[in-house]
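What follows is a single structure, and I will ask about it in a moment.
Labels run A, B and C following the written order; every chain starts at residue 1.
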Amino acid sequence: MTATAERAPAPPKLSPLGWLRKRLFQNVGSAVLSVTLIVILLYVVYRSLVFVVINGQWEAISRNLTLFMVGTFPRDQVWRLAAQALMLGLAFGIGVGTASGTARDKAKQAGLAYEPPLLAGTLKRFWSLIAFVLVLLTLAGTAGPWLVVGGAVLVGYIGWHSWRLPPSMRTLGWLLTALLFLAGFQVVSGTEGLAWLPVALVLAAASRLLVPVERLETPLRQLVSLGAPLVAAGVVYGIYQVIAAPGVGWDDWSGMILTLWWSAIVIVLAFPTGLMLALARRSTLPALRYLATTYIELIRGVPLITLLFMGQFMLGFMLPAGTVFSSITRSIAAGTLFTAAYVAEIVRGGLQSLPPGQMEAGQALGMGIPAIMRRIVLPQALRAVIPAMVGQFISLFKDSSLLFIIGATEFLGVRDLVHAQADFRVSAHAETLVFVAVGYWAIAFSMSRESQRLERRLGVGET
Amino acid sequence: MNRSKLLVALAALTLVFAACTDDGGGDTTTTGVDGGGGAEEGGTLAAVQDRGELNCGVNDVLPGFGIVDEEGNYSGFDVDLCRAIAAAVLGDADAVNYVPVNVETRFTALQSGEIDVLSRNTTATATRDGQEGLTFVFTTFYDGQGIMVPASSGFTVFEDLQDANFCVLTGTTTELNLNAVFSDRGISFNPVGFEDSAELQQAYEAGQCEAWTSDRSQLASFKFSIEEAGGEAQFIMEEIMSKEPLGPAVLDGDSEWLQVVNWTIQNLVLAWEFGLTSENIGSYSGEESRVLNFIGDGGYDPGLGLATDVNVTVIEAVGNYQEIYERHIEPLGIPLAGSLNDLWTNGGLMYAQPY
Amino acid sequence: MVTTTTSKTHSRPPFWRDLRVLRVVGQFVAIILVGLVLWWLFTNLVDNLNRAGIRTDFGFLTQPTQFTVPYFNTFNARNPVWQMVLVGVKNTFLAGSVGIIIASVLGLVVGILRLSNNWLAARLATVFVEFFRNIPPLVVIVFFGSAVFTFGPLPILSEALELRLPGSSDTFLLLSNDRWGIPGFTSRGNVPAYLGILVVGLVISVLLWIWRTRVNLSTGEPHHRVLWSLGALLAFAGLGYLVLGGPFGVEWPSLSENRRLIVSGFAMNWGFMALTGALGLYTASHIAEIVRGSIQAVPKGQTEASSALALSAFQRYRFVVLPQALRIAVPPVINQYLNLVKNTSLGLAVAYAELTALTQTSIANGRPAVQSIVVMMAIYLAFSLTISLALNVVNRRLQLVTR
């Protein structure tokens, strides 16, 4: 990133008039185009300003801001959401810090200098998200949201400094990120039922990676490598039985938090499923290949809304009588089925982009297929598909607006709740729609810029 | 080496099995929605009391019947019926888990056991009773379908609307009735179906449809809010297109639960008949034997599986039918006195069976 | 003495470690497992439906629909459900085709504009793309419906804007916020014969195209094949029209007496226009990105070589850049077309009666949900597979044959 090639001579600096001549009025066609566009632009800007500043009835938004953000979440439990914001801020900070730290390690290994990204640059990249959050905070009026957002940013900044940690602590960094993410989820949803399972899985995987198995003698090594994850899982299970605390389950989430969490949960659940599908699709066993291909082509041929309907109307009947799944759970299941097919295609693209020599080298070294997958193929392939996965998450985030067709109230659906209230039954329809559109746009735009930036950084695919 | 692997694997398996025996079952993070809801024979009353919360399917976008305020609290006529049932079964009118359902999901929610009772301005018809596997409880609101047009249009009868665009909400009996009535009279029309009232209202006010057809109570409430906000004057046509008896519904096959819900609702009307309100029921000092039985004096128990003083609890928490109506429906501009929903002694249709 | 080797050198490992056996057995087990799971789900479904008293057959398709389809006068509420499904299919097809056309044209234009020298055009194209790409399609559809039609500048139908061609009394265009009227075709008889003549003309023009291409390949003379085949087609069309004495005519749109219907010409309702316009814009933003990426992927040397040969910008795009860019762009654009057809399922938001909207309405009116959804999914699958298949053929024709 810091190597400079031979620089071409810089283009001559133009005076403002010269710039106009060259850029806007180079020839007749260009001049006509410019004039037309300027006229249209001025008109649109004028009307928008009038709408936003003068005519707009933004009271509908300011009074219902909590409704838009958290829907019908019980107001006396909102402290959980504040705690979640802080934990997620810390998780995000540590995650970004660990990723930066890994980049720094690599740079050191290659002998290059590493410069951590500047704060100003980061702010510029996320301008739409920051602007949207500031608008929300200004509309909120009370001090509470300011404190929570400020706290989350501060905590995230502290976590970001984890890039300074020594390289041996990288796995610990990722482990902390995953645990904080899960903790943020569970501080809202409670620790009852199957809540121990994801945490147990994460800790079991981490113990496998962290415990220095290589230093042990063989019989002990196998015992420890099998036993450590089990012990970790058992300990987690025990702890959760003790601290079984109820929370607000995802059936009661609505508004923006439902939109964000629905997308996050679906992508997390769809990733391993899609990965397995992709491996099955590339398998040499024809049965597996055909099964996987049929599934993927079937799912990619139908709209998401039909799958949501299927989840809504058919899933309940497909399970034995007596099992009750809430509407949100069914939509998550349907969304996971849908996204797994797309993730499978993305991962398959990543696997195909890997030179076959990698696999052959692994085989030449006498590694078995599972070992080759785990140590050589998957790390490279998955790193290559990160931008596409972010793109899929953005797509899911936008598709969550379909949830209101099956009766769940997410960010777009809160509009209907607002317009059923006595004060806003006949007014402010345009304002709420603009607010919802801007909300989606601000978040999706930031994420898509990040994904484009990641794509350039990782040097993935040109198109 | 192979043997030790096998031993470790066996030990692991036994550990895992031991860990998994005491599983809570059901779903991970839902707030206690356990199995055994409506899909099985009976047992809903016990399940609700076990759970400590009533799952009630309601509307969240219909003014007067079920809406959500800025704080996320549900209120409305149908919402108060849920509260009454919760007060009767659990002793606490606030122990309700409101599940917002729309026209497509309302019946499946009941069929799959996600909700225990559906209280969402649903019209009772034979088709729904039969095909959807539900049973409708006491009719709580007698309504009819009507047509609203802008007053300036001057239309007064259905024939004036030949070939016109009608705004309707899809998936309700509204569409079916519109078809039935207009086809029978040979009047052609164009129904423009919307999914939610907000868009429908915008289309109506913009003139994309000339007429709006829906239950007259809904038309009255929108007429009120449109005129209140300074919009054009509206006119609801005299002729009533259909009967729309609205009431709660439960799933087939659980007569104990059906009776509990049915009588809880009817007792709201009975309390009104007896003149008992949320204020005076606690301090009733009269000697009428029927009223004394009603408030459970002397341990009178009709054997429904509820407490003897259940009516006192319910009426104190929620009020009688008149109070509920006046709280939610009268502000919409639909007075109780003289309407179909008045007490039978005043010429209306509210006639509760004796206790 | 030759020691006979026993079969030890070719001994097979025990069958539980023999890879060939394991592969076959593994596949069988996988298929059986999947089959068992599907069968379990299916029997549960049928059992639970029976227990709830809901029908499990497809007989509902022959029952009357009981509601009418908006903006479609000839559909009676007594028509069976399968006819309603056909109406849905037709509407989805219409919205999909028009949407694809709008998206392709607009996407191509905006994609090329993004690379324009004109700073303003390039920036505005970027704003357009970044704006529409990051909003959910449902929001775009609702926005379009409200902004253009519900709150837009158009009058109500009874006071529709009647645009006339200068100097004639026929209305060329009827504009309102509910329906638009455009000129349509009426048949005056002999239409099948005319269509037959057109088919013959089409066949002849294809043959001419092939012939001229062959002439060009063998002798090198310019083929002018577009002129030849298009000319032949137009000649057949014109002659056929004259010979048959005008089999069809143009019909101008007009309002009915009660000013509530458009009785002649071709009427488009606002749901259709909002849906196709919104999806056209939304998909165009994606296609513009793809076009831009594929144009930028063409090696720079091509552009420089065409400048060295003094080709104009138009010639450069037409003969050098776009043919190469198209090759790269076709697979992702196929994907976007598929997405557009799938996104038409949001039609209920603007009261457009396409397949999903009609299915939703019929389910809410008591038709069995499971069967209706299966029918709907099968139809969407058919649409998607047809589009993928057709365009994969195109893709394969465009691919470079690698040596």
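In this section, a residue touches a chain if its C-beta (ideal position, glycine included) is under 8 Å from a C-beta of that chain, and two chains touch if they have at least 3 such contacts.
The model shown is predicted, which means the values in this text are computed figures rather than measured ones.
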| item | value |
| --- | --- |
| Geometric centre: closest chain by C-alpha means | A |
| Chain pair showing more contacts of the two, A-B and B-C | A-B |
| Furthest chain, CA centroid comparison against chain C | B |
| Chain centre separation in whole Å, for chain C relative to chain A (CA means) | 31 |
| Chain A and chain B: spacing of chain centres that average the CA atoms, whole Å | 38 |
| Separation of chain B from chain C, taking each centre as the mean of its C-alpha atoms, in whole Å | 42 |
| Multi-partner residues of chain C (at least 2 other chains) | 48, 51-52, 142, 146, 151, 348, 360, 363, 369 |
| Numbers and ranges of chain B residues touching at least 2 other chains | 39, 104, 108, 111, 195, 202 |
| Chain A, residues touching no fewer than two other chains | 313, 316-317, 321, 405, 429 |
| Chain A to chain B touching residues, read off their complex | 63-64, 66-67, 70-75, 189-190, 192-195, 197, 218-219, 222-223, 226-227, 230, 233-234, 237, 241, 246-252, 312-313, 316-317, 321-327, 329, 405-407, 409, 415-417, 419-422, 425-427, 429 |
| Residues on chain C engaged by chain B in the complex (per definition of touch) | 48, 51-55, 66-68, 70-71, 73, 76-77, 142, 145-146, 149-151, 156-157, 177-178, 256, 258, 260-261, 270-271, 348-349, 351, 353, 357, 360-361, 363-366, 369 |
| Chain A residues within the chain C interface of the complex | 23-24, 26, 30, 33-34, 37-38, 41, 285-288, 291, 297-298, 300-306, 309-310, 313-314, 316-321, 394, 398-402, 405, 412, 429-430, 433, 436-437, 440-441, 444-445, 448, 462-463 |
| Complex contacts: residues of chain C adjacent to chain A | 23, 26-28, 30-31, 34, 41-42, 44-45, 47-49, 51-52, 117-121, 124, 130-131, 133-139, 142-143, 146-147, 151, 290, 293-294, 296-297, 328, 332, 338, 342-343, 345-346, 348, 356, 359-360, 363, 369-370, 373, 376-377, 380-381, 383-385, 388 |
| Of all residues in chain B, those that touch chain C in their complex | 39, 103-104, 108, 111, 127-128, 130-133, 162-165, 170-172, 175-176, 179-180, 183, 188-195, 199, 202-203, 206-210, 252 |
